[in-house]
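Take a look at the following structure, please.
In this document, chain identifiers A, B, C and D correspond to the written order of the chains, with residue numbering beginning at 1 in each.
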Amino acid sequence: MSGNTLGTLFTVTTFGESHGPAIGCVVDGCPPGMELSEADIQPELDRRRPGTSRHVTQRQEADRVEILSGVFEGKTTGTPIALLIRNEDQRSKDYGNILDTFRPGHADYTYWHKYGIRDPRGGGRSSARLTAPVVGAGAIARKWLAQAHGIAFRGCMSQLGEIAIPFESWEHVHANPFFAANATLIPRLEEYMDQLRKDGDSCGARIDVVAQNVPVGLGEPLFDKLDADIAYAMMGINAVKGVEIGAGFRSVSQKGTEHGDSLTPQGFATNNAGGVLGGISTGQDITVSIAIKPTSSIRSPRASIDKAGNPINVETFGRHDPCVGIRATPIAEAMLALVLMDHVLRHRAQCGDVRVDTPDIAPRSR
Amino acid sequence: MSGNTLGTLFTVTTFGESHGPAIGCVVDGCPPGMELSEADIQPELDRRRPGTSRHVTQRQEADRVEILSGVFEGKTTGTPIALLIRNEDQRSKDYGNILDTFRPGHADYTYWHKYGIRDPRGGGRSSARLTAPVVGAGAIARKWLAQAHGIAFRGCMSQLGEIAIPFESWEHVHANPFFAANATLIPRLEEYMDQLRKDGDSCGARIDVVAQNVPVGLGEPLFDKLDADIAYAMMGINAVKGVEIGAGFRSVSQKGTEHGDSLTPQGFATNNAGGVLGGISTGQDITVSIAIKPTSSIRSPRASIDKAGNPINVETFGRHDPCVGIRATPIAEAMLALVLMDHVLRHRAQCGDVRVDTPDIAPRSR
Amino acid sequence: MSGNTLGTLFTVTTFGESHGPAIGCVVDGCPPGMELSEADIQPELDRRRPGTSRHVTQRQEADRVEILSGVFEGKTTGTPIALLIRNEDQRSKDYGNILDTFRPGHADYTYWHKYGIRDPRGGGRSSARLTAPVVGAGAIARKWLAQAHGIAFRGCMSQLGEIAIPFESWEHVHANPFFAANATLIPRLEEYMDQLRKDGDSCGARIDVVAQNVPVGLGEPLFDKLDADIAYAMMGINAVKGVEIGAGFRSVSQKGTEHGDSLTPQGFATNNAGGVLGGISTGQDITVSIAIKPTSSIRSPRASIDKAGNPINVETFGRHDPCVGIRATPIAEAMLALVLMDHVLRHRAQCGDVRVDTPDIAPRSR
Amino acid sequence: MSGNTLGTLFTVTTFGESHGPAIGCVVDGCPPGMELSEADIQPELDRRRPGTSRHVTQRQEADRVEILSGVFEGKTTGTPIALLIRNEDQRSKDYGNILDTFRPGHADYTYWHKYGIRDPRGGGRSSARLTAPVVGAGAIARKWLAQAHGIAFRGCMSQLGEIAIPFESWEHVHANPFFAANATLIPRLEEYMDQLRKDGDSCGARIDVVAQNVPVGLGEPLFDKLDADIAYAMMGINAVKGVEIGAGFRSVSQKGTEHGDSLTPQGFATNNAGGVLGGISTGQDITVSIAIKPTSSIRSPRASIDKAGNPINVETFGRHDPCVGIRATPIAEAMLALVLMDHVLRHRAQCGDVRVDTPDIAPRSR
């Protein structure tokens, strides 16, 4: 209720601050009997780990995950799975100068007003570092969804600042530090980022994520619509300012004759719906796009105020991602997996196991 | 848990189908002692009522609300407030032909697959008619928020199909059937809608909503971020495919130096954040935009299938809104009010009453 | 969250006051496809209806239930089922004299202090009349549990005031106004109640309820133990002051060698556990006992105070049950059914459908 | 939803198994600004720690708690407080012989049937060791409730097996290993326990807990009644089979003239209600009694079956409490504190801060 638990049946309760002793989460509701070890989780954490290229924060964190509970002899038991990640590279002194000032565009200001106290070290609880436990929990959901229903998740960056990144192939995503599904544009993206760093500035990004092989029938019809829960999860990722499902804002200028996806005996002809109709999955790919704002912690001096209300200039040093969007792809995939996992369990509760034999599944190509 | 309850502390549990005996909701968590009668709720219901212009469905529904509980001698008692709206104009025969077929872009298909049974009369539970109880509940939240904190809600249509509608003044919103904050463009919008109707087609819309005089500090930091809950609520409105907070998707191509709103002793200089930083309200206006897809029930014949998987053509007769976005403004305002109401109560629970005396509130002009 | 919703997956949200326009509830989470009509619900309501014997309140209420939603062509659709019961016999004037005074043992005092306002007509929200919607919701759960798993619920009064009522046979329960599983003692119980009425006094009662044919494996291990949820539900019934599972308080003086139920290839040898071990059902009968306090609204004058704190004498006229326990049996059965229904759905969510083929089920005799 | 989270606004999500790497919990919803360190929590953990007398399990566990998050410079920040307790004395081999058999009266049987897999080491998740995180979380609640409202918690054993323990004074509780509020009876209790150990048997106990200085108005009126939530929390403690509030089962044979607590200008004259009327606190002491069954793990051989359904004899070796009730007092106090903490926050949300200045508070003597 205080906003640190995600999900209703498959829940993730996170804890921790960027520069406290540890971060982690408790994953509850995982079906029993699934093989699980740290080796299933660590690779996903490694994908979002800092320090993997010159375009992200240089903080050195192994982000080594430890499973504390819920697994016996290599299998889940149905009891809570606690994940622990010790913080290692805490340079709290880097942040001392921001204790009494507010960075424009940063949660400094709102935390201070809400709680009357805040942990300023590395952004405290508002740090993007807190997405690590989510990615860890997401890895558990992904494994179960893959095994039980063959559901898969993919994501890529489709725009970096002003540069649109055309989709070429999923194969390219793992071959560049931007999670771009594109091979030709990488040098231009690197050059763009290098210039940003020199300027002491930051930029936004657009990320696309897709869930494939989704069964028809997931989602609740009125308030916990599948797309509503996806929007909630995505907007909960640090720095996200917009969410689209399927055609998204393009729907505004579409006609009904254009937007509504025709059904054929072989499946849906198009996917403007993004795999969701009336809040319930259609069996097509679920397609989501998110807008990520530029990092607020930048070297360029900005006009701001201090706690007493006096005007000041803020320059932020320390180790920051010049584009938080660069590491956002695995996070968005994890969030999508967590939402689907929750809805598969919700479907089982009320309607029994999900159907995988519907005759009229749409083509799943992107 | 089955998706018919909105909110955590101020909850709205709705029930009903478009052509069943009645629709309504139970509003729980309202603080005691507020004056409340049907006269506070009916005007909001009238704003979204069908049949008010030639551009919306001609269904004749008075949507007369009855308060069944929770009020004693004209004041709320702190117990649940049940709202009941009897359905009057149920022409179930209009929909008989769609029982065995699926309209492209409609929830017919997904309800059928999820539940194995569906109420096809007027779209059943998936009908936009089910937003009426939400608007009713929203009226209660709006009254309390206005009295307790002076919070106000406004909304307007900013795009109809291909036609962008520049903001001129809030005064115009009530003077045209589109909720347009614009006086000069109305004839063109009417013409556009008339042509659509002739063509048997439909179109999308963009709606902007704003909450004004919002206290700083509302929202939970990690998962129940204020903007996450807003995205969830908005995406839960029928036909919504995209949600933006503040600069939204424009953030993607912004630089950090441009996006981050500077703070001055007089308040924030700009509002790219849309009134939310780190998931918590800044005290500025909360600004939200939503994309509404074109109505799926259109006269133009569409390729589809029946329940047996055979190809068919679907033409939908009956009384449908050619642009569901036209009546969406009061719904989006209500949703925003319900989210804020919930977060005011959540703030009270953990942090005590909200602060209204923060020295550095930003200018509230749009 | 404001305490008017029971359950997590199969939820019952109630509303209404004793002398307001109506009472009712919204039942959410019911699996689709079950045949349901008012005829399934009304008989259960009739069992707890007032005015059926001289030993209960003489209020004349037909308690006629109307299903407002969630059913199409006689079958549940998976959407919320709203139940409405109009109040008919509202003699609000009977209660006018208690507006400014507090009855000893009554919720008058606490409602007043909690909310600063209360609906005094017939006890308002604190009236036992509010158990009617629970009984209605329970009838839906009972039907589903009977059809899906053969689970049955029984209950009886085992003590009335000082008079213990030995169990003879379930057959007797429906043949007397006390729900006593006993034929020989009825005249004595009637005499006891007649004397109480003459004295203007009231008495307590003990009720036993049993769930039969319960699958093994229902219940969550740590906090939402099956017995914990049963205790919560039972203690939530008006006037209940104690709850026991299985041997209950007799366990205190038992030895481990006596209490622990031996297992044999034919099942458990005894049932001290009351059908629950470690918070999870064993497959044996679930046995519950509750203590119901004497009615607080009595004719005999009692020392009390008014709202100004002045000493007064309170005599309560109007139509009250001299023993609320007399009508409590169907309520306790309904509560037990609602808890089990919820846990069957929870089990399906995490562990798949409940098992009905366990080889080692204990004998189910009482 | 999978039963590992307690509370709604002040939540405790626990994890861990008896012989896994660690146990712990995440406490969410704590108001910001309270001084907190391990030194506030460790003493409560020490009260329930094993190995403190010859009458409890000889397992050697320091139960050293570490705060992982939610505290900055010695004060709570409003973000989740994670507590970690590493398991140290894991003699997993002691339990190897029970992997394929079911102890009478133990959760072995039900876990196995529910999940199809269970962690048998030390009882796994069903071990009473899992009450340690609850006690840790309770210490946080107790500190806040004491500082904010002066609420205090006390508890004692009032019966050990067949021996009733008359209340003499709270002072004695800390001076004996039984938490008995009695000095004279201790030698007899010690003798009783010594004999039990020799017999390889176990016994039950009754525990009384009291909350003092409770504000009037806590609790929700219909389902989340204060006493219902207390019953839920208490029945959720390992081995509890019965719960009473106030007069409890004595209410059954009371008359209304006797049970209803008279109000006087100086407060309530008696406390049969146990401090709760209509589900809401009266301002009097909240008095609760619980029945704890005898430990199921005993040396005496018992008839049982193995997983294949064959008859066997079970003798349990290892280190078990011969009366789990002996260490239950601090656990029950913690549970009561957690329930009250949650309801104070819930009251703040809907009704504003709790009132401490009611003129008519009852005498608080036991």
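The working rule: a contact is a pair of C-beta atoms (placed from the backbone, for glycine too) under 8 Å apart; a residue touches a chain by one contact, two chains touch by 3 or more.
Treat the numbers as computed from the prediction; the structure is a model and nothing was measured.
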Between A-C and A-D, name the chain pair that shares the greater number of C-beta pairs in contact.
A-D
Using only Cα atoms to place each chain's centre, name the chain farthest from subunit B.
D
From the mean C-alpha coordinate of subunit A to that of subunit D, what's the distance rounded to whole Å?
39
Where subunit A and subunit B are represented by their mean Cα positions, the distance between them in whole Å
26
Euclidean distance of C-alpha centroids - subunit A vs subunit C, Å
45
Counting only residues that touch at least two other chains, what does the list for subunit D look like?
1-2, 4-5, 8-9, 14, 29, 32, 78-79, 114-116, 125, 221, 346, 349-351
Where on subunit A is subunit B touching in the complex?
1-6, 8-9, 14, 102-107, 109-111, 113-116, 125-126, 130, 159, 161-162, 196, 201-206, 216-225, 227-236, 238, 241-265, 269, 272-274, 276-283, 291-296, 298, 300, 302-305, 309-311, 346-347, 349-351, 355, 358-360
Using the touch rule from the top, collect the residues of subunit D that touch subunit B in their complex.
1, 9, 29-32, 78-79, 221, 345-346, 348-353
Touching subunit B in the complex: which residues of subunit C?
1-2, 4-5, 8-9, 11, 13-17, 20-24, 26, 28-29, 32-33, 66-70, 72, 75-82, 84, 114-119, 121, 124-125
